[in-house]
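A, B, C, D, E, F, G and H label the chains in the order they appear, each numbered from 1.
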Amino acid sequence: MPKIEIEAEYCKSCLYCVEACPKKVIGTTSAVNSKGYQYAVAINPDACVGCAICATVCPDAAIEVYK
Amino acid sequence: MPKIEIEAEYCKSCLYCVEACPKKVIGTTSAVNSKGYQYAVAINPDACVGCAICATVCPDAAIEVYK
Amino acid sequence: MEKVFMKGNEAIAEAAIRAGCRFFAGYPITPQNEIPEYMSRRMPQPDVRGVYLQGESETASAAMLYGAGATGIRAMTSSSSCGIALMSEAIAWMAGACLPVVICNMVRGGPGIGSIQPAQQDYFMATKASGNGGFRMLVFAPSTIQEAVDMMYRAFDLAQKYMNPVYILSDGFTGAMMEPVVLPEMRSDEFLAAERKKNEAWAATGRKGAARSHQIGAGQRPGFPRAPLEQKNKADWEMYESWKVNEVEYENYKTEDAELIITSYGVSARIARSAVDMLRKEGYKVGMIRPIKVHPFPEIAYEQLDYNKLRGILSVEMSIPPLFYYDVEAVVRKRTPIATCLRSGGEIIERSAIIEAAKKLYGDK
Amino acid sequence: MEKVFMKGNEAIAEAAIRAGCRFFAGYPITPQNEIPEYMSRRMPQPDVRGVYLQGESETASAAMLYGAGATGIRAMTSSSSCGIALMSEAIAWMAGACLPVVICNMVRGGPGIGSIQPAQQDYFMATKASGNGGFRMLVFAPSTIQEAVDMMYRAFDLAQKYMNPVYILSDGFTGAMMEPVVLPEMRSDEFLAAERKKNEAWAATGRKGAARSHQIGAGQRPGFPRAPLEQKNKADWEMYESWKVNEVEYENYKTEDAELIITSYGVSARIARSAVDMLRKEGYKVGMIRPIKVHPFPEIAYEQLDYNKLRGILSVEMSIPPLFYYDVEAVVRKRTPIATCLRSGGEIIERSAIIEAAKKLYGDK
Amino acid sequence: MEKIYSRPIGLKKNINGYCPGCLHSAAGKLIMSVLEEFDLLERCTQVDGVGCSANNHTSMDVDSIGSPHGRPCAVASAVKRISPETIVYTYQGDGDLASIGLAETMMAANRGDNITVFFINNANYGMTGGQMAPTTLMDMKTSTTPYGRHAQEHGYPMHMCEVLNALTAPSYIARVTCIDAANMRKARAAVKEAFQHQLDGKGFSFVEFVSNCPTNWGLSPIESLKFIKEKMLPEYPLGEFRNR
Amino acid sequence: MEKIYSRPIGLKKNINGYCPGCLHSAAGKLIMSVLEEFDLLERCTQVDGVGCSANNHTSMDVDSIGSPHGRPCAVASAVKRISPETIVYTYQGDGDLASIGLAETMMAANRGDNITVFFINNANYGMTGGQMAPTTLMDMKTSTTPYGRHAQEHGYPMHMCEVLNALTAPSYIARVTCIDAANMRKARAAVKEAFQHQLDGKGFSFVEFVSNCPTNWGLSPIESLKFIKEKMLPEYPLGEFRNR
Amino acid sequence: MENSILIGGFGGQGVMIFGQLLCYTAAETTDKYVTYFPSYSMEKRGGTANCYVTISDEPIGAPKAEMTDYVVALNSLAMNKFVNNVYSGGTMFINSSVCTEKPDRADITFVEVPASDVAREIGDSRVTNLCMIGAFIAYTDMLPPEKVLATAFKKLGAKHPEFNALNEAAFKKGMEIGRAAKAKKA
Amino acid sequence: MENSILIGGFGGQGVMIFGQLLCYTAAETTDKYVTYFPSYSMEKRGGTANCYVTISDEPIGAPKAEMTDYVVALNSLAMNKFVNNVYSGGTMFINSSVCTEKPDRADITFVEVPASDVAREIGDSRVTNLCMIGAFIAYTDMLPPEKVLATAFKKLGAKHPEFNALNEAAFKKGMEIGRAAKAKKA
């Protein structure tokens, strides 16, 4: 099953991945990282198809994708 | 009768007028001006037709033309 | 006059406008961005009707200032440290062409790009060599925003009086902080028009029937016929010498009975002053000499000291290596020990460090 | 070694190449054009195989030099006065980034464009503020072509030793004149390769398996991890202080029994020396102190004088206002009168004027 | 399970200094990714401009030279001529490359120096707080065009690709953007092509990134992408301008 | 008898400092002649570049500002904005305008500042002794290209009209030469047109003179004209590039 | 009397506005000397930002005090960085919503204000700082609360009047918290 | 012994070459100290050019001597400008083809050399300076004539060997004139 890993410490909460994911896999919670950013998480991981769009658009290279 | 006046002190002896004059009116003599230039003179003034080509090409505006 | 709570950079810009500045050219650089930004807003307003022009670089901005100076309008630029360094050639041209412009350096850490935090590492660049050729300028060193504002206002008149650029040596601290300030009155349009009119005797904005065409250029005195460069150099030198008599400006603070002198300028002096107060409270007989203009250097202030009574001088500045210190050393001539208290590279000098250094130099009370 | 009759500028260029200079960037400016022109011919030759790059300006040339410095190659630029002023920012960057480069200023009249004729009006710009941030350099001031050649040769080693730019403060006179000169030997390719190899410990030419990637930038010491700017400023200061011990260089000429000291540097000192000789012939006990490096300033030379014996010091330079004079004044500390003999703006100082001024200061024989 | 998208190894294991959503990060990611693919991470030198780009040296693990503002092309030209085996590229903002450094940029291009130039066009001076840049759009308000950019006073946006295209020497000129996955892929291809030109010794290669500055534009990251699409791209058309 | 060709009254009654046959003099003569025709001699300010052009202020009797090398356009922009009633023009060589001052030239053009720029392209740095300029022809030997200008090392000649034509704001761009009477007349027309643009407030106008430097080219004046015709003009085609 | 305050947090958390509201109020409604000094890191956002405020009866020598009477920390980074900048006997205000581990200093008072939580409840994270100010003013009585609020309306509400209500709510809630803390201490 | 010579004329008249030929010869064939200092005006051509040569047994302090033993004037401008730079008792060489009115100084010797005329006769105005050198050397005996001529061949003939004959002719003619002047004086 495809999956993504988001490194919370690299995420700045731009939400590009949230917007880009065709499967609405990604969202945010109230959790913040050490820099105070409400980082992105796979809130709907099972829907992931491994298209890597999220990782492609993530400017901060916080997302890695497995398939 | 058309005529040209060459102000010897302005002339630097580039000879553009000599070359340009269709009537071969202009040439040089052994005389030099205060800067040491062998200035142009109307050696053949009667041939002048007042076309002002010499004055037009003279970069140093040393030639004035009367008609 | 009403007090307003203002950022140093904006207060400086407004003071310049009130002094009659009607042209500003500059290029962004921290920590002085609020000066051009303020100018860009303010210049087009109906009570100003001046020109704001963003240069494509400091080199271009300084050239624009040079051009503006050549029109006889009141004009200024501002930048910071490495940006001012880039203006060196043009500043030398302006001094060479005797143009009455104002240059404001909100100093940051160096060398080179250094840091965007405040420092005082451009003291020599301002007072000794802002470009090639050995020219000098009057150099104001404000200690508070109020003083900066008052100096800006006077700077334009002095530039005009001496036909020489005037330099404001301030720093990112004074530019970035906020403080209540009383702004000077706005120069009237009539006054400015009259001043501009006077400058038409030499300004290069079209000959307009003048007896001779006007030529502006480095090495030439505006309005005078072309003369050998050395003659101009000599006239400049005479002017600089006259400044030593007429333009020296400094402050003695609690120096009368002082056994220890703290000497400092600009923002450091502000902090040092409060150190003096605290030391006084503790019973130390400490005073401060503060050059208000750092060029001409107020030699007389140090000459008036009673060296028999002194335990030493503490020279305080935000520069490592020290720079101001060497001017102090030159005038003190080993008559008393001089110690330094220094920070650099964007670090702000601490009052506690000054107090400590002063006590050490003071010895037993 | 064979003597060759050469123009100063060309001799300087050749000496640089023999010292190992393998990169030159510059922009035309009189009176130093023969340096870049010579370099453009010489660099491509098979015994050199260096890079000549004509910058689109002095700003660009200095940036190219900065880039070259970052590769660890031996590199230099040259220019004159206003051209050097334009390099101020980049020079500050090079000092900030600790790059071992050589900068040569063939001074002409100033300020600004001034004149194309020789002068010494950049003394402060060279010794006190070649850019922002209070950095300093070793500053050589050659008096003859031979000395210029020898200094150029040493300059590259010192730049490398201290990891700091070295400055040659020469002038258009020395550059334009011709004189027989003995050129130093050509550094071997092996030596240069070995030196370059050493610099790979910090040079930024691709990581090549190094433990850390290399970063060059103002405020950073190459090869060291990023540290606060103040720490770098302090290290620089320490280095400058060490120069006062290890790098002071001056000449005493007939000073032993002298009752009058002429002090001068560079081309003026050359002329002053012959004035000393002529004065000696007339029975005046005159000697000369000549700083060979003008930074660090050789305070010790003036400290060793017997002020009881002295009638005065005559400070000679081709700058109005005087500049070198103030350094002399600071170390002499009013222990004897100081007079000046000055020319400026491209005028060459006359031996007769020096002699006359010396006699006046000397008083009765 | 196979990793199909990884963080480029050239990026340090830290968060960089760019603002959230700033596409500076995206450009940097692509460059690191291509250098990794070409196995050039150990063979390259990055020449940073002054601007937000200065953040690169805290996040990229390659040799780098921070340059005087506007001078990266001059610095890079010198480095490349001295060390032709090094892959030398500059990374510059629009203030740096197209304003103060315009002469240096164009002259390196005109000399055909064998370097690669990455140009981040975000229509303002980001690091210093959003002043007008040569690339600022018409009517756009910035901190030094408080009443908007107007033709009469400020002239028109500067099109660097088009201007460079008026020179003879450059071998590759392209304009890309990173606003979505498709464009990211195209942008990466352009970065690759540019480096390939340098590897092939063809001379000056240039990639302009139409970018954003959410912070100084006063927009959220997502809004800033929309702004690029709707306002920036019509002014700055994407594409390959030259490929020799 | 009527005087049908006179020396322009803007020229002082002295010999200027240009070399014999140098077409700098010709350009200056035309400018003075047009200013006279438009009755602008008392209303104009000439901003001189550093270079042989510095000779202008000894020979032209108009207000003038000698500018830091390369910065005339920046100086002129400031003067014009402060004093819009003044006709402001710059006079610059190729080293000045196209090398050290390239950014200033292009940015004034890009701002559309209402000034006129005269550009004397003589393919080298005349005043300093004939070093390579951006405009130096291929294979041409100069004092800093002793082995000739080669593409690999020095890139290609810079075409300023074409480069400026890549910008939006300029209103008039033309290239002329003064090698013969016919061209002199065309050149004069271009100078006139350029000033007319300024008088009409249209913005940046630019006239490039393809010129000579007999001294540093090592040619007699007459030979230098031949060189222009045979070598310079094929590289620098004459004509109007823009006229809005 | 001289009061020195150091306010720290992330860029974007309203640190500078906190300081400026105090200063404007003091400068425009009292005769006191007032200075404000901001200090940024290189980054525009995400970096730390802090500012120094001094309100005094005497001219102010050092606008960036090394040691201050009060520190306000909007995040834990600032809390840990500046905890030793408080004079012994001084007070540190912490945004307890995000500052979880209180530092170990017995000689100062900690006032815990769950400002981020308050802001979230009110519905806009941007009012966190107003809540902190409310608490600070109520606890210290340094300036009249209504004057501070009026300044907030004037400076922040001018462009965005829609914020006035939110700001007021946050400020009032903060005051409650500050008052309670003060009562507890007394 | 120190000999100082000042040579002046128009740019392009070969003033610099005159000076350099003396210097190269002295530097390469004697043990003397030699300096050469050129001085240009801003103009490249048409302006005045002059240079200073010093040949001495001692190190040379002032390569640009204010007063010189010899002045060589290739045109009347230079003649008038520099006539007062000759030491009393010194000698001034003038290109008498173009310097018509000799200046009024009784304490120096004038050596009149119709160099331009000689050059014209030889058929190339560019050899004017070689004629002057010939006269100068013959009159002063400062350097061996054959060495000077050899230097001229080496430095000027390298690129243009066709000039050697013309140069030699001019030089020899100049020597004759110089010798005659010397004989007349003695």
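Details
Just so we're on the same page, contacts are C-beta pairs under 8 Å (C-beta built on N, C-alpha and C of every residue); 3 or more make two chains touch, one makes a residue touch a chain.
None of these values were measured; they are calculated from a predicted model.
Considering every other chain in turn, the ones in contact with both chain D and chain E prove to be C, F. Equivalent interface to D-E within the set D-F, C-E or C-F: C-F (over half of contact pairs identical by residue number).
When each chain is reduced to the average of its Cα atoms, B sits farthest from chain C. Counting contacting C-beta pairs between every two chains, the top pair is C-D.
Centre to centre, using the average C-alpha position, chain C and chain G are separated by 35 Å. Chain G has its Cα centroid 62 Å from the Cα centroid of chain F. Each chain gets a centre from the mean of its Cα atoms; for chain C and chain F, those two points are 39 Å apart.
Across the assembly, chain F contributes 15, 18-20, 66, 68, 99-100, 102-103, 107, 127, 129, 134, 154 as residues in contact with two or more other chains.
Each of the following residues of chain C touches two or more other chains: 56-57, 59, 82, 89, 93, 97, 112-113, 217-218. Chain B has residues 12, 35, 37 in contact with two or more other chains. By the touch criterion given at the top, residues 41-45, 47, 57, 60-68, 71, 74-79, 81-83, 85-87, 103-104, 107 of chain F touch chain C in their complex.
Contacts from chain F toward chain E in the complex involve residues 99-103, 106-107, 110-113, 134, 151-159, 162-163, 165-169. The residues of chain H lying in touch with chain B in their complex are 10, 13, 46, 75, 77, 98.
Against chain C, the residues of chain G that register as touching in their complex are 20, 23-24, 27-28, 33-40, 42, 60-64, 66. Per the touch definition, chain F reaches chain B in the complex via residues 1-8, 11, 15-16, 18-26, 29, 178, 180-181, 184-185, 214, 221-222, 225.
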